[in-house]
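Per-chain numbering from 1; labels A, B and C assigned in written order.
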Amino acid sequence: MLIVMLIPVILMVMFGFAISTEVNNINIAVVAPERTGAVKDVVGRIAHNDYFTFYGYIDQDQIDKKLRSGKVSVVAVFASNFDRRMEQISAGLPSKPVIQFIVDASNVNTASASIAYLQSILPGTASQQAMFETRMLFNPQMKSAYNFVPGIMGLIFILVCAIMTSVSIVREKEVGTMEVLLVSPVRPVKIVFAKMIPYFVISCVILVMILLLAHYLLDVPMSGGVWGIFSLSLLYLFLSLSLGLLISTVTKTQVAALLISAMVMLVPVLLLSGIIFPIENFPKFFELLSNIIPARWYIAAIRKMMIQGAALAAVWKEGTVLLGMTAVFIGVSLKKFNDKLE
Amino acid sequence: MDVIEVSGLSKSFGKVKALDSVSFSVKRGELFGLIGPDGAGKTTLFRLLTTLLNPGTGTASIDGLDIIKDYLKIRSRVGYMPGRFSLYPDLTVEENLIFFASLFGVKVEDSYDLVAPIYKQIEPFRTRQAGKLSGGMKQKLALSCALIHHPSVLFLDEPTTGIDAVSRGELWDMLQKLKEKGITILVSTPYMDEASLCDRIALCNEGRILGIDSPQGIVEKFNLKLYAIRADNMFTLLEAARQVEGVAECYPFGQTHHLIADEKFDIHRFTEQLEALSNLTIKPTKPAIEDVFIKLMKQ
Amino acid sequence: MSKTVISVRNLTKRFGNFTAVNNISFDVYRGEIFGFLGANGAGKTTAMRMLCGLSYPTSGSGTVAGFDITREGEMIKRHIGYMSQRFSLYNDLTVGENIKLFAAIYGLSKQNTGKRTDELLDRLNFSSERNTLVGSLPLGWKQKLAFAIATVHRPEVVFLDEPTSGVDPITRRQFWEMIYEAAEGGTTIFVTTHYMDEAEYCSRVSIMVDGEVRALDTPARLQQQFAAESMNEVFRTLARDAERGE
């Protein structure tokens, strides 16, 4: 009952104040061969803007690494002899672009917002802005598919594995068959794992389907290697299954299992895992809270591997977190699981 | 040693004492009935004996195996049919049977001789989903599934609740046949009229056993003078009869009222005092299990 | 014979090709305790639904409490009471609140509700329990209260569905005593049940088999007619030849 009353309040507060689709705290790095006054002036404007966080000056050869690791989302590359070219431009003479913005477009929302902000804060009139050039990295066509495919994966596996598993085990309790199963030589752990297998198989099929569709239909690159994505997804499947098992051990009715799944899993996954709302913009509290959402780690890792081309080794942190969570879920549910009725 | 031995078994859920120091034993091959209303603790007792629950205090053993220590061994040699329908409604009749056989690691054919007399009755519907069977057929399937591993003891929790009188009769006939094959059966029922079909019965109420004996023995313990009375206006009769001297008790009992007489009772005086009632009849009658139950409850 | 409260003529209900209730006719008189028995699938529930105005007959006619079952279903619902062993009262409401709730459901005025509540509590000797939660009452009291509440709007007929199944013998007798009292007071009682034990308490009993009423008489005469020792035997003799299951 409390949950029913609490959830609307939390949702309202989260949407109203804490979470917004607006992008801010965009990390930007600068590459400038000469740090002249004019360059510093432009960098200063960017750094003082609320939307951007100035990461610092970096070298040309670090651009790819910084973007790939997700440390920065935009790199501004100033041309050499920036001052002279600016003068040419002011004088109305034709010139090559003087600043190149390299944008991580794996998240389409963030990318397009950054470009819009940058254009509005840089000096000069609209016509002069021809001298800026933007380059989209990882997702040059700004396809939104790149954005939602990892999110969908994070959601679907929780749905199929966790929710379906929990409900199907709880149904045995509700129908009364669990009572008969328990009074048989078959160990309950075996029963439970047997119940999980079909959902695991279904999820594997879904996984293969999603990967095929994403690659061939939506042209998602998977540049980080299919096997990496596959093994991380398998880990996430296990995690979802153990979460389902945990729910089924603590609930007695299908309705309760569904409620818990929806209220405690689905809503947070949708809101806090970065599927819809960028995590970077969360207030501190929700950012911390998002750390306990498994989907957040999975989606982040998959984004890196699918779109930015990170290898499995590059997402070791996310992988470790997921592994740890799986261990905790399995541990707790096995401890709570009981071959008696109380 | 008896097949089922229960000694001082108690179980509480929070403040509610579901079972209060219950003791009894069941001999091999006996059809033993637990007779009592809802809330008597029958289901709790079944769950304790089938090792689904641990007792608060007291001990019990099945086939010499302790229900706490040896619970895994007990599980492979008892058959259990819970009070509510507990088969897979979306599996067919046949699939349910095969599934339960595989749970116990046996093949359907291995114990087919035992199951056949019951299963044959539902075999014409073997491709029908279990959830779509009638109440009586569901019970037959559940019984078949409970027997598939050739258990030495069969626990049936209210198998006749919710099914019609014909199916109920058939079920009791089946239990008699199973008994003849040497299976020990513990069965519970809230219906007093089913008590006479058991070898021995325990009358239970509110977690306690009021009395244990053969149905015949239970009835013989009723040592009061009992009459059956009736008249056209049954309620008026009831109220009037209670006013007559020598009437210890009078309560409705099916088509008649049962009247318990004490030593001051005089049948002629009774009919005289109630002559205003039309079609009054009074005749001595034999006590039924229910009369004994009422008497024991009042003690 | 006294006044007819339920009267049914050639009542039939078909679902597609299946005739659930086949041409049944019977009368129930005021103050009777009428047992309505049948095996699973005999058409008992379908017939009951038509009598309560919940479903329309395919053909035939009937009246309950003076209202036509095809045209005046809503009026029938207002003039009958219903009590089942499974669902009766709200455990988390008090005795008084339960009465008030059902009085409101049946549209009693506020003034009438107060009067009726006092009257019912008084008759049950329950006045001291007005503010007790129903959940904490012993089963026997709950049952009496459930019956009293089923009569809160002074219905002419009360339908009882397996009223005493699973109840201890003493409570059971208290319940039947109350039913006898109500019946002698002029309320008609219509009992549906699986349990022949309960049938024995009825003044007259009808037994449905395969959608038809195969027997209708007092328990004593039925036993005589079928040379049976008990209603159970009568029922088994009749239902044994049933052609359809559920």
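As a convention for this text, a residue touches a chain if its C-beta (ideal position, glycine included) is under 8 Å from a C-beta of that chain, and two chains touch if they have at least 3 such contacts.
Model, not experiment: these values are computed from the prediction.
Once chain B is left out, the chains joined by touching break up into A | C. Two chains share more touching C-beta pairs than any other pair, namely B-C. With centres defined as mean CA coordinates, chain B is found 60 Å away from chain A. Centre-to-centre separation between chain B and chain C, using Cα means, comes to 26 Å.
Here the spacing of chain A and chain C, counted between their Cα centres, is 62 Å. Counting partners per residue, chain A has no residue that reaches two or more other chains.
Only residues 36-40, 133-137, 161-167, 169, 190-193, 205, 233-236, 238, 251-255, 290, 293-294, 297-298 of chain B touch chain C when the two sit together in their complex. On the side of chain B, the complex with chain A involves touching residues 47, 50-54, 72, 75-76, 78, 80, 82, 84-89, 100, 103-105, 145-146.
On the chain A side of its complex with chain B, the touching residues are 175-177, 179-186, 340-342. Chain contact summary for the complex, chain C toward chain B: residues 38-41, 139, 165-171, 173, 176-177, 180-181, 183-184, 194-197, 200-201, 219-220, 230, 232, 235-236, 239-240, 242, 245-246.
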